[in-house]
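Across the two complexes that follow, subunit A remains constant while its partner is subunit B and subsequently subunit C.
Up next is the complex of A and B:
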């Protein structure tokens, strides 16, 4: 039988590097070992990809969903729920958060999905390559107006965000650098796409127009030359600030909640040594993201960071659906299901601005908290769900349970979730009202199953459950 | 591909496109299957989506270019009698009764030719007569219907009022076994053809359900260098010569099949974005990849009403991506008009080809 410490550590890894895991999967991974599990997560191609054809058979509108929700969200949610490459999908979500583009302006969910697919395929590779692909991605070009960045009339939107939010962070460049950077990206645009009427959406395609490019000499971050966009990216990725900025993002996303990005020039990292260690690997490997992730997941600072991260709405919803099971095949209502993160403050494929979402405690307000609790409670309270049945089966195998045992077992099987003494007392007091949990007669078993669902609902409504 | 393809005594000549994306009225919303009525009208089952809930069956005339008219719409979204949640298969009997399967509710609803609800049957399960994700459906000449009970990987034969009469098939990849089959058709001898979707083949069965033969094996068509992905799953369009076309016998999730009076077989090779054509012995003849170089009548109306669309069209480098099939789901052959009708699902239109059997070649030195 697996040691509880190993269970706890593996559950922590799967919550952060993926979207959580049920007890069967955690035990299988513990048997495999922590290091081996990290390697499997870091090598997603060893696991099967999501089958998009099953999605398109049942929900064909999820491929080219146009500008109205929810069919684009259905597509994304299907991948999130079904992936057997959880870290790959988590990294796609990470880059969606960093290189934030949104349907509010793009009005083409299909283009956003194509961008997510690029993050899926490239997000664990080399940062420089990813940044270049992002710079050529038509969705990004349109989102930040680079199609209006002309040799004779510079538009600085892309150039500014590239430096401020995508690579270096405020304070590590000057206004002149913004101007020169933007000049280097003049002529980077996209072909006119086939318009949406009458046959639906067609994709954009990157286009470089040399006649619209500013061929003059530029001086950027101390370098001078006739730079094009690719040269700018090469200069950016060698800046020490770049390694620190990206690694602080990774720390915030995977390890522990940081201050919001605009405060980074003022507030130092929560754990400067951790960010420095990751940044050193970033520089040594010339931006190999998988190497940085390996260093992070194998570190003590990661292993000791349990419950220091407030779950994002995507983590809440996807984690719950994966734990509950039964959502592998799209079904009617999947659209409403896939919009749940937006009701909690994270409208996937449509972040509030180029800055992405604010994280940590900012996920919580009274409305968002109620949405979280109501959604998860509805799921875990449904004792017909495969995930709840699995928990019930394990409880039943433990035999008759005293109230304290019942609470501990449910906390354990639902996470494990660690709660404080006050919460423990509240939960135990409630179960004491139900008395000893027994499975010996059909009536007792029926009551035990009912109370299991109710206790799970109480647990997911606790403050502690909101943390990963 | 050229607009006219000539191969082994046959010519396939692109005729016209019908439709546009529409949640109701003149257009389609992700057609899954279709069926010709006795009068040549076409019934199209639309999957719709959870934004516009455009699920429905529409009945249209086909005719020549620009002749199409919308006659009626029925089986719109809903769970009550006369409605559907996930309409999938559609079939028409000799009396013009229309049978529609509902993949989610596990039912078969029957309508008259004008779309008036008559009755429905079906319960969820795997027992005799029960259904699990029914997809294609076809009417036999004796009035019975064969339902592709896709989730149960079998075919079931029902009387017109829903009494189960027979079944064949089971889960697997062997002869007579199925893996999530989709469309179905009959040839003039009542042999049964089933698009065995996840087994990447079409199986031919005798009228009594005995396995006879199969066509196809799994394969994808590689994208040419520098090919342009019309969606991230294809089709891939490139100016580089398509050296891999046609790739005989290779199918990727085939969805439907049709057989013409000569015995030629048409298969919608969904994942490869084409229609493959085989002779009656299963030898590959050619394929069609979509050639909608002329806008459909209803599509043109949409553009005419939106000047910005017309402006944008004039700036597009190449319209080729618009001509091509994008996940074609269904194919029918009209023996009275020699028309091959293809449901070009992601483009919410039909593409119509004429099979020309007396094609006379043109003077070669023009």
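Up next is the complex of A and C:
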């Protein structure tokens, strides 16, 4: 039997570095060990990738989903639910939060999914390379209008957000730097798009047009020269502000909820030492993201941060579907499932703006709280789901259960979830109304299964369950 | 004797997210500098509805032109604040919190709701139609009902059908969400859970009670405005409504985007005002329409970049229609980093609304004292 502390820590790691895990997987990983599991997560190529052909066989339209929801969401949800490389997928989601690009304008899930795939492939490598790939990503160029950034008519959209939201954070550059940075990216565009009709959609490709590039001298963050976009990125990544900004993002996403990004120039990090430790690794490795992640997952500040993160809608939905099982293949109704994060305030592939989503407590308002509780309760209340059946069979193996035992076991198998004394009392009082849980006769077993489903619903409706 | 009944004043806020282009909304069509600067995205003379000898609306604002003609639309010119940061998020934060120099923690309308209902006796004093809670409404402990989808299915655990059992489970839910003061996010979750439970019960009544012959356009903003009309007409004591629409961030392809966005706003507002007027529910409502900033004077060849001063609108039967303030100069020498220099602080508009419409003391809500443009009768 694995020690409960090890179970708790492994469940924590899997909730943060992935989208949670069922009890069988947690026990297997505990046997392998925490450090070995971290290494496996950090080396996603040791595990098989998601098979896109299963998706295409069941959902041929997923090949080129176009711009109408929910097609792009179906595609993305399929990867999130089926990945065997949870940290790689989580990092792709992380970069989607930071380099937030939205279908509201792009109107093309094909391109957005290609961008997410780029985040999968590059998101755990070198930050400078990732930033350069992002700067050349046609979806990003279109999203921030760099195709309209001409040598003779500068468009500052990309240049500004690159500095404010993607690398340095507000307060670490001047308006002149924005202008000069934007000038350096003139001529960075994509090939002329073939009209969509009557041919359908064609992939977008990066294109550099030297004749549209401003070849003048630029002064950017104290450096002067005839800079092109790549030079600007090289200057950006050596700024101490860059290491701090990216590491604070990682801390906010993986460790504990921070203030919202616009407050960062004013409010210090909640754990400055932790961010500094990560930033030191970032600088020493010249922006190797895997090294920063290793430092983070192995640190005490990470291990001690259990339940200090309010689950994002994507974490709620994907975590629930992975725990429940049976969603490996896109079946009828998958479109509606894949829109669930949107209903909870996180429309994947369509963040509200280039700033991405506000996180932490800002996920919660009356409408969003209702959506998340109602969705998860509907899933765990269905005792035909493989995940619920697995919980039932483990409960049954424990034999006849007193109300307190029943509550403790369900909390344990659903997470483990840790609840406060008042919540514990309500849950226990509810089970007391049903009495001792018995499996000895068919009628008792039937009642026990029904009550298990009802108790699981009540547990996922608790406040504590909203945290990871 | 309905005329004798004292109706509480109601504020509807429509947030035009993304930075609406002031110069293409309230067009200074006789100003040659407008033509000089708007070679790519300027509105042609034959597509302008003249308001007077200086300004015009583009034709896609035809319903708003009607409101202007009947004298129920006020246009506030040159609205903004000093040192406009030109960042969507920071600018929106400033409009929401009235804090230009630091990150505010309280929204101005959240404070309004707290003033109206300090004891939290009505959790639907403020109803918001949007994907998430707007910062303007956010004050710790102040309830706001956030309706993300249709009003009809708003509520917890609708899957539990049997009435008595559902009530028993919801009672337990309510007790589990008892907010412990000082417990931070847990307290916030507790309050939100309990308030939503109560709010859902109350709001359910609105669409059932609602009867109207007005047909709303089936657009995102049309549906939101209809929801607001349903709740307003149900007399639930709601004083502040909030909704958003956008994105007005027209860096590129502005002509098609801007016209489409404003056409939807206009058809929605037209139905909304007609609906409220038909039901004798319009005379205690004003609609405030704002955007976080205006856009750059010179276009970029296809759209316009982030600017500074913008236009803000207030619409309603009790509004004294007309221009307030002056459009800032388009002279190159008077621009700030290529942008119109704001000459009316946005808090002046809030101040009039707070003082003259909602009858609240503006100073503590706005963190200061401001002039009050007299756009209310």
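Simple rule for what comes next: the second predicted complex is superposed on the first by the 467 of 468 C-alpha atoms of A that agree within 3 Å, B and C clash if a C-alpha of one lies under 4 Å from a C-alpha of the other, contacts with A are read in each partner's own complex, and residues count from 1 in each chain.
By definition in this document, contacts are C-beta pairs under 8 Å (C-beta built on N, C-alpha and C of every residue); 3 or more make two chains touch, one makes a residue touch a chain.
What you see is a predicted model, and the numbers here were worked out from it, not measured in a lab.
Partners subunit B and subunit C, once the complexes are superposed on subunit A, both fit on it without clashing.
More subunit A residues lie in contact with C than with the other chain of the pair subunit B and subunit C. When the shared chain is aligned, subunit B comes close enough to touch A:53, but subunit C does not.
In the superposition on chain A, A:430 makes contact with subunit C only, not with subunit B.
In the superposed model, the vertex angle subunit B-subunit A-subunit C (Cα centres) comes to 100 degrees (nearest 10). When both complexes are overlaid on chain A, the residue A:202 reaches subunit B alone and has no touch with subunit C.
In the superposition on chain A, A:332 makes contact with subunit B only, while subunit C stays out of contact range.
When the two structures are aligned on the shared chain, A:368 is found in touch with subunit C, with no touch to subunit B. When both complexes are overlaid on chain A, the residue A:68 reaches subunit B alone and has no touch with subunit C. With chain A used as the common frame, subunit B approaches subunit C to a shortest CA-CA distance of 13 Å. Within the complex formed with subunit A, the subunit C residues making contact are 17-18, 85-90, 93, 102-103, 128, 131-133, 143-149, 154-159, 169, 172-173, 175-178, 185-186, 188-190, 192-193, 195-196, 199-200, 247, 249, 251-252, 300-303, 305-306, 337.
Those residues of subunit A whose C-beta lies close enough to touch subunit C in the complex are 104-105, 144-145, 147-148, 150, 153-157, 160, 164, 170, 175, 257, 259, 261-263, 266-267, 310, 343, 345, 347, 352-355, 358, 360-371, 373-374, 377-378, 381, 422-423, 426, 429-430, 457-458, 461-463, 466. Taken in their complex, subunit A has these residues touching subunit B: 52-53, 56-66, 68-71, 74, 110, 113-114, 117, 191-200, 202-203, 205, 331-336.
Partner subunit A is touched in their complex by these residues of subunit B: 20-21, 27, 29-30, 32, 47-52, 85-86, 103-104, 180, 182, 197, 228-233, 253, 271, 295-296, 298-303, 306, 308-309, 312-313, 315-317, 319, 321-322, 327, 329, 345-349.
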